[in-house]
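First chain written, first letter: the chains are A, B, C and D, and each begins at residue 1.
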């Protein structure tokens, strides 16, 4: 495998993010947003074909569906998974690994997409509401994609509203089961982190070429741990870039990171 | 037994203070003709239960909503519903924020007349703390503690489907009907708007009987409303009107924007609505969204 | 309306049994066995058209389906109610009134279709198992059809296994809700009874022509109450008989009562 | 990923002592080819969970069943299953007798990994007293007491469907698929026999994707078994074989009747089964039952 002559940082992140699903087995790989979705698709097309994916609507497909405009009936459904059975079939039985982009993430891996600032009764900035985050986080594997690593996202204290469960011992309820809480990767524009630190602390495991640990720490509201050996994020291969290009014919990935910076060779 | 109602008769059968569940999902399959009838009415102090889309924003903007029970409010390609957002940030709404799965679980608890249904969902989150949910312990040896989701009993449910007959038999086509049937089963009364109303479903469309997602004993009123989901989508018949939704969203940033939307779009009655938004043919031809 | 010249006792019972569903509103009328099914069908065709009925399989029909052999696709489905949603849609929401033929009935209206004699671990005579009786009896309206009124059916003590809930105060569980227990009619070859006696005691409300209360009591293992005015069961009208004949073209109703006795004019 | 198995590979992947759920309903859509493979095997001490039909009688007759968890056992037109009856009356089975609705509720509790699901069903009956079910109280102000249905977790589930592909995508046609998908979701492993196995469902039958009643992550082995539901029904493809079922039922009244059924019908392997019961064409032409 040869590395390609040119690639964007976003493409490099997509390749790094696709590793989240490696060896997951048969579960629904959901990437919310263009980069996570391309990452999940890349995982299925390359290293983990047993992953299940939807067409973005009600059907399961074996060939990941490209992003953006195409014929409405270009889907080739192999199975059926409408919203109307998503909790019954995917979320509650724990057969899913979703990669999402929360507005806030704290040191426990708790996230927030509900509101920022103010109170539950009168938020300063209302966002979506908790959506499926409480259920996703207590039932199945989750990862995160953060296009702009900053202290606004990685907050100093707890997130303003805990929309998803993390590893905060103060939030554990006596007698309840939190066994299925399973946070995997956080892929950002600076680094790749996991939850392999002390007591599931967030830990830097890869740095993108040219990025230092201190730079990541500086952009993070809480103390990060470092893996024993921090790797440098690999460059995409030509094959990976070709697959990404095929799955994103309208180049929506160019809009994910501000100014669509170039990636760097390792 | 003839359940067919005019949209005026429908709205006259609701009362201020009711808890009303609205089917669909975000900007998909919303019973917008029925919602517009509420917007034009004197109804107030409603509790709305929904996987919310533009209907929630509109009802908030019109001051109809006392309390909102929701898993999210979003228009998908327009992630944040601007009028919902305004109402939230003004602090004028009572709310109960749920996980999406909890919402349907609460509807099922209501349908089954159960005092609660247990779930892991919500444990460890602020959905639980803010929502005042209680826990319950398994009476078996595991002794596991789980969250008790109380029933979301509705006074009325509103749905939009493809076909209905005068007896209340309905057919909802399309690949996904979300939790529409559970809104109906959780409600004392359900009102359905339909693209087409026929006399007898078994005479007109017997071959599509499996599209009967909820039984007619749960359907109390049927309103004919062709293209009645506009500006939301109605697969496989027509897509959402993103241009319209963008203009609607933009109105929230304009001085007097909501009043202008009411005057220019919602209007005095449903009869002229389709003309005001571009005409029947244009709406019918809206392409289905692609994900 | 004129009465018909000739009719069977079974037809008379079918007409009497159809009264169970009068004015029930929109719920699923289920008659298990030929006579109860004809009774439900007759109710829908005549006095209570809003009743819902299945085709005996997965679909809801507005025109009751005749009994016995016919073309498989003669059904004209108006709705859908497969077994796979029967508990969700009909039983648990309480939208049903079933008429069944239990093997044993006791003075509380508790019934048994599980086994006769012996023990739970080793029954003397195994029958079907509880089927849906526990759920039916606690969720929705129920009536009974007994083709051979005897002390074997109307037992002296409690039924051998309580498959369905009745009005036995000793079986009430503190804090539980039995509000929806609603037993209506028992139609037998001797009489029509309801649960309108003291504390829901079983009460004779109609006697078939020529049958006396003492005769019914004699055939019953427990003391019966009598309605203030016991009516004589009416004869079917010509219209009713014609509808029954149309809905039972193979005359399966002739096999319901031993020797298919004639009915008697009131 | 190729989940296709021979029927011998399927049976080799089971173990004595397992809890096995069997899809279908009475004499409908039973995975009889898989059941016959178990009958021919050394497997023993099984716990069987089913809406029982002839498969339960056969497994009892063959001495495979230690415990039976059931809502009923019946062959419809032959209401009482004779071999099930014999085993019950001999007192050789451990049993848990359930209401039909409780059975699916227990499967759902297992699928959702919940310690219990509440229900009114069973309260006040001997299903509760004999089954040892406990109650649980609502933690809300109503304080209502309901029965707690524990999960029915399965080691394996067996289903018969119309189509499967090698990846485990399945399609079940016909107007009713009972609780097959919940047996699969409640199980650690599910094995499906299918009228037809194709390489890729999306290449062969994309237009019927909505017949995919349960997702392939719940399907672990796929066995091609045309007419594999015989003698039970498989709408819309073929009906039950009532003549066969009557002869099977009659065998229970004959000295050595079961041994004769095993020798003459079940036989040494599945390959010759269809010939022994009248041939492929005859079975394929069995008319659908009419109710």
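Criterion: a residue touches a chain if its C-beta (ideal position, glycine included) is under 8 Å from a C-beta of that chain, and two chains touch if they have at least 3 such contacts.
Given the structure is predicted, the values throughout are model-derived calculations rather than measurements.
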item	value
Comparison of C-D and B-C by number of C-beta pairs in contact, larger one	C-D
Mean-CA-position distance for subunit D and subunit C (Å)	30
Cα-centroid distance, subunit A relative to subunit D, in whole angstrom	40
For subunit C, residues that touch 2 or more chains besides their own	59, 80, 92, 139, 180
In subunit B, residues with contacts to at least two other chains	112-113, 119-120, 135, 137, 144, 146, 175, 210
Every chain pair in contact, whichever chains are involved	A-B, A-D, B-C, B-D, C-D
Complex interface listing, subunit D residues touching subunit B	112-120, 134-140, 142, 144, 146, 148, 150, 175, 210
Subunit D residues within the subunit A interface of the complex	1, 108, 111-113, 165, 167-169, 181, 185, 200-203, 206, 209-218
Sites on subunit C touched by subunit D in the complex	55-59, 65, 68-70, 72, 80, 82-84, 87, 91-92, 114-115, 118, 120-135, 137-139, 161-165, 168, 171-178, 180-181
Contact set on subunit D toward subunit C in their complex	25, 52, 70-74, 79-80, 84-85, 88-91, 95, 97-102, 104-105, 119-128, 130, 135, 137, 143-146, 175-179, 287-288, 290-291
Contact footprint of subunit B on subunit C as seen in their complex	25-28, 49-50, 52, 59-63, 75-81, 88-90, 92-95, 139, 180
